[in-house]
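The first chain written gets the first letter, and so on, giving A, B, C and D; residue counts start at 1 in each chain.
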Amino acid sequence: MGLALELAGIPLANPVMLASGTCGYGQELAGVMAVETLGAIVTKAITASPRFGNPTPRLAETPAGMLNAIGLANVGVEAFIADKLPYLRDLAPRVIVNIAGSRIEEYVAVAERLETATGIDAYELNISCPNVAHGGIAFGADPAAIAAVVGAVKRVITRPLIVKMSPNVTDIVSTSRAAEDAGADALALINTLIGMAVDVSRRRPVLANLTGGLSGPAIRPVGLAMVYKVFTAVRIPIIGLGGIMETEDALAYLMCGARAVQIGTATFINPDAAVRIITGLAAWCDDQGVDDLQDIVGACHL
Amino acid sequence: MTEPCQPPSAQQMMATVVANQACGPGIHLLELTCAAALPAIAPGQFAFLRPRHGDIFLRRPLGVHEAEGTRLRLLFDVVGRGTAALAAVQPGQELDLLLPLGHPFEIPPPPALPVLVAGGLGLPPLHFLARQLHAAQRPFRMLYGARTAARLVLADDLAALCPQLRLFTDDGSAGEHAQITAGLADLPPQAHLLVCGPTPMMRAVASAAAQAGLACQVSLEERMACGLGVCMGCVCRTRNADGQEGRARVCVEGPVFPAQEVLWDSP
Amino acid sequence: MGLALELAGIPLANPVMLASGTCGYGQELAGVMAVETLGAIVTKAITASPRFGNPTPRLAETPAGMLNAIGLANVGVEAFIADKLPYLRDLAPRVIVNIAGSRIEEYVAVAERLETATGIDAYELNISCPNVAHGGIAFGADPAAIAAVVGAVKRVITRPLIVKMSPNVTDIVSTSRAAEDAGADALALINTLIGMAVDVSRRRPVLANLTGGLSGPAIRPVGLAMVYKVFTAVRIPIIGLGGIMETEDALAYLMCGARAVQIGTATFINPDAAVRIITGLAAWCDDQGVDDLQDIVGACHL
Amino acid sequence: MTEPCQPPSAQQMMATVVANQACGPGIHLLELTCAAALPAIAPGQFAFLRPRHGDIFLRRPLGVHEAEGTRLRLLFDVVGRGTAALAAVQPGQELDLLLPLGHPFEIPPPPALPVLVAGGLGLPPLHFLARQLHAAQRPFRMLYGARTAARLVLADDLAALCPQLRLFTDDGSAGEHAQITAGLADLPPQAHLLVCGPTPMMRAVASAAAQAGLACQVSLEERMACGLGVCMGCVCRTRNADGQEGRARVCVEGPVFPAQEVLWDSP
């Protein structure tokens, strides 16, 4: 059935991607899932220099979800290009590199360096990571700051730019429009919500970082509502994510207005969740007589 | 730890509970029949699991205690919600397993003398290893300690496998009334320690081993989300041969590490 | 054990209240729980005129939570005083009346009318209901609007005023401070998150109102993080709520900085959830040798 | 509906699954033993329940099909996640029940002739009522319709209780090949309809009853969160004797309403 699409100029075999931070740099999952069937892989956030991230514990379970406070642990852009990209480049799925930073200059520097490498299909600008002290969330909440960082990165790149939005805002429409107006080619909604867990027996926060990012099915209603709202407010395509565990959840995002979806936390529960969803989407199209899955995008708006 | 990471080739499979018995205060022995024959598993590797139905979201790591054919045994302590949920599963109910995961103990070739050091619920991988060494008729020693006699589970089994077994309890209710580190005093220089237990105990053993110049491997614990090396949640602090600080993922580079590579957090 | 406290001048037998919208006007629960053991009951939002609320479906289940789009259905302030208050007044728990409106004048009118009635211990200003088209959320997100509505209501009342905050904001600290500066005597954190659910088989939103308010354990990490953050930013007491199901969850809120808690959705799952929590808090104090439960308020900040 | 609402005095109790059998396509008969003797329950009242363990969050309403001593039987159709979870519970597993809830059918005193009208899975309260009327040796009639023969479950049981039973299917695979409203044509004026079934069917029956001047009660369905009248989630549109529009809660003022008080949404 017709799962293929073109999104912001990127041709995708199907609309299912692995979300940033939940699939490393692709390699580790090859042993447990059919990575070649994916539409795209979005890498863990890449920063200018390598980062160890936050102290542990940096994970906690919550009802129908989890908190992470990884703190952008990554190998840094140089090691990424030298050690991780060659593997990714040879895989069938499109390669989308998630870029993070603590200042506009850092985002720009990472983007400039990545431009010199081959085998990258698009960038995803992470302006919404709640787990770093500087930058991160600050960029993601203020339309003017979003415009500045998106504009600055756009000026140094030739590849399509996806901007990943924070849900921790009063008005997702104004932040999304700011990204669009500054040149974003697509939006990814949503990153994690800010959350906390308490170890009552120790009378302390569970996470060393105190707060973390909430992901998993618990946040799906929030992600769906934001995609639904932004769909009618922007012209660029939306990639929906947040709590997608099954085929039905992916379809819900498409019906709210997402053209593609990303699978994050679900991979931790079932390593082949994304593959099952691709199969499930094809089966659904078959069953429902839908020729092109893109035909149901935004169906909830009718 | 520095070698490029091999993609883990774990299998996901369903397993049916055959028995789930308390064998000490809060300690459960869980016996499962897996839907397919188990792949090769080495002592120190772990299963990443959750009840198929229920309100536990993330999988939990448990060291493999015994594996043969389709039979899998796990031994665990109830410390929180996840292990409480596992303690409540009934025969006939299903668990969702991902295994084997992680880097196992590396069995040092002769003339090294394997010395298995188990603290409390650090027993499973070392019980597994003891059975392997016994079957291979390889001489080894074992030290096994717990807070109190009731928590020194399966000690009889171990005694049958290892005539050299020494037992310790914190309260003297069984074995020697001493910390397990007391058992390290009179080891020969070819002793190679293989350690699993609570972090403070492992830190103490590792430091004693370093002082005595003995080789030592430790099996670390961290909270895990993916078990596959992709979430970066389960890192420990490490130092390489040059003394440079780094981070390693307990789920793929570990859980077993050479003790000298581990940077312990201050107690 | 010491569960009693005084909060914003209101003496409470214990820090456990039933949350607005989840206990009606008290009467219906008397047959299924020991209402007399509660610290306080917070009524369903009261508006100037009776309201039917939104069309059905106005409920949906979500992972570890639910969506509601009741739309402030209530009997109106006159019928409340005539038919509902007499029953509430005679109960042991303190009576807190939740006030809603679509304009400042409506909040003020309801508050003025309630001032003339006896048997009310405090008001809770609902500036955060996501399910009404006008007002509601608009007030809850903008510090200036919050100051205006809180100030206007304060001028016409003599009883303590609790302001119930919306979590659907970029900066909960600035909205909370605005409420405090305008005269709020206490804050209640949090109301529901905006969420949505899709009926994939019908390709339509489940709720007739499209979006609704997300409550239940799914949102607990968000509530805890907000209480934790606001605790150090304001001097007035905080009432914590959002996903409290068990004693441990109530303790987590107290440790983050709440002096009291409200039980909402949990009552739907177990009608006597609040009673079990009161018993559980007493047992915990006993077990831990805590003389006054208020001693653990903010323990996570140490 | 306008009388002041009585606080419901429902009981919360655990029940153990004795049997859970498919008795039609997607239709399950669930038999439970409750932890205590059941309180008095009237036909039309419902149980509000969820599996004790599992990933269903809210309780689901199911009409009581049969209740005696500690035995409770429920009959349901799998239409979504909640009912699928109920269809999966195994003997020995526990359900958490809250019951009895809601306003039951009011049995009209003689000379009224009760006419029970059941559409598909609207059967449980009416099957319950049929047993009561039969036991009381009260004459009554019954109409029972479904999409197809396989979904016309328990028809033999009913025939034994009600010699006047008429069956209908949409596809003619059993009983009369007609809509259930066809059975209303030749009823005597003292007929009092007691109806439960899909909304479009109830609307059609209510409208036919109104035209024929027959008394009619209908049992409505709405999504519920609390079942106790406190969340205001389950309302239906009503009109009082003066024709004034209002809202009533299906869980307390209903589920059974006099048909003339219900304002049906346009089809």
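As a working rule, contacts are C-beta pairs under 8 Å (C-beta built on N, C-alpha and C of every residue); 3 or more make two chains touch, one makes a residue touch a chain.
Everything numeric here is computed off the predicted structure, so don't read it as measured data.
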item	value
Separation of subunit D from subunit A in steps, with touching chains one step apart	2
Subunit A-subunit B separation of Cα centroids, rounded to whole Å	35
Between subunit D and subunit B, distance of the C-alpha-averaged centres to the nearest whole Å	56
Centre-of-Cα separation between subunit C and subunit A, whole angstrom	34
Contacts with 2+ other chains: residues of subunit C	62-65, 216
Set of subunit D residues in contact with two or more other chains	55
Chain-level touch network, classified as line, ring, star, complete or other	ring
Those chain pairs that satisfy the touch definition	A-B, A-C, B-D, C-D
Interface residues, subunit D side, partner subunit B - complex	53-55, 88, 90, 92
Interfacial residue positions of subunit B with respect to subunit A in the complex	4-10, 12, 50, 55-59, 81-82, 96, 98, 222-236, 245-247, 252
Residue ranges of subunit A in contact with subunit B within the complex	21-24, 27-32, 44, 52-53, 56-66, 68, 70, 73-74, 83, 216, 265, 267-272
Residue ranges of subunit C in contact with subunit A within the complex	62-65, 67, 141, 168-171, 193-198, 200, 203-205, 210-211, 214, 216-222, 224-225, 228, 243, 248, 251-252, 255-256, 296, 299-300, 302
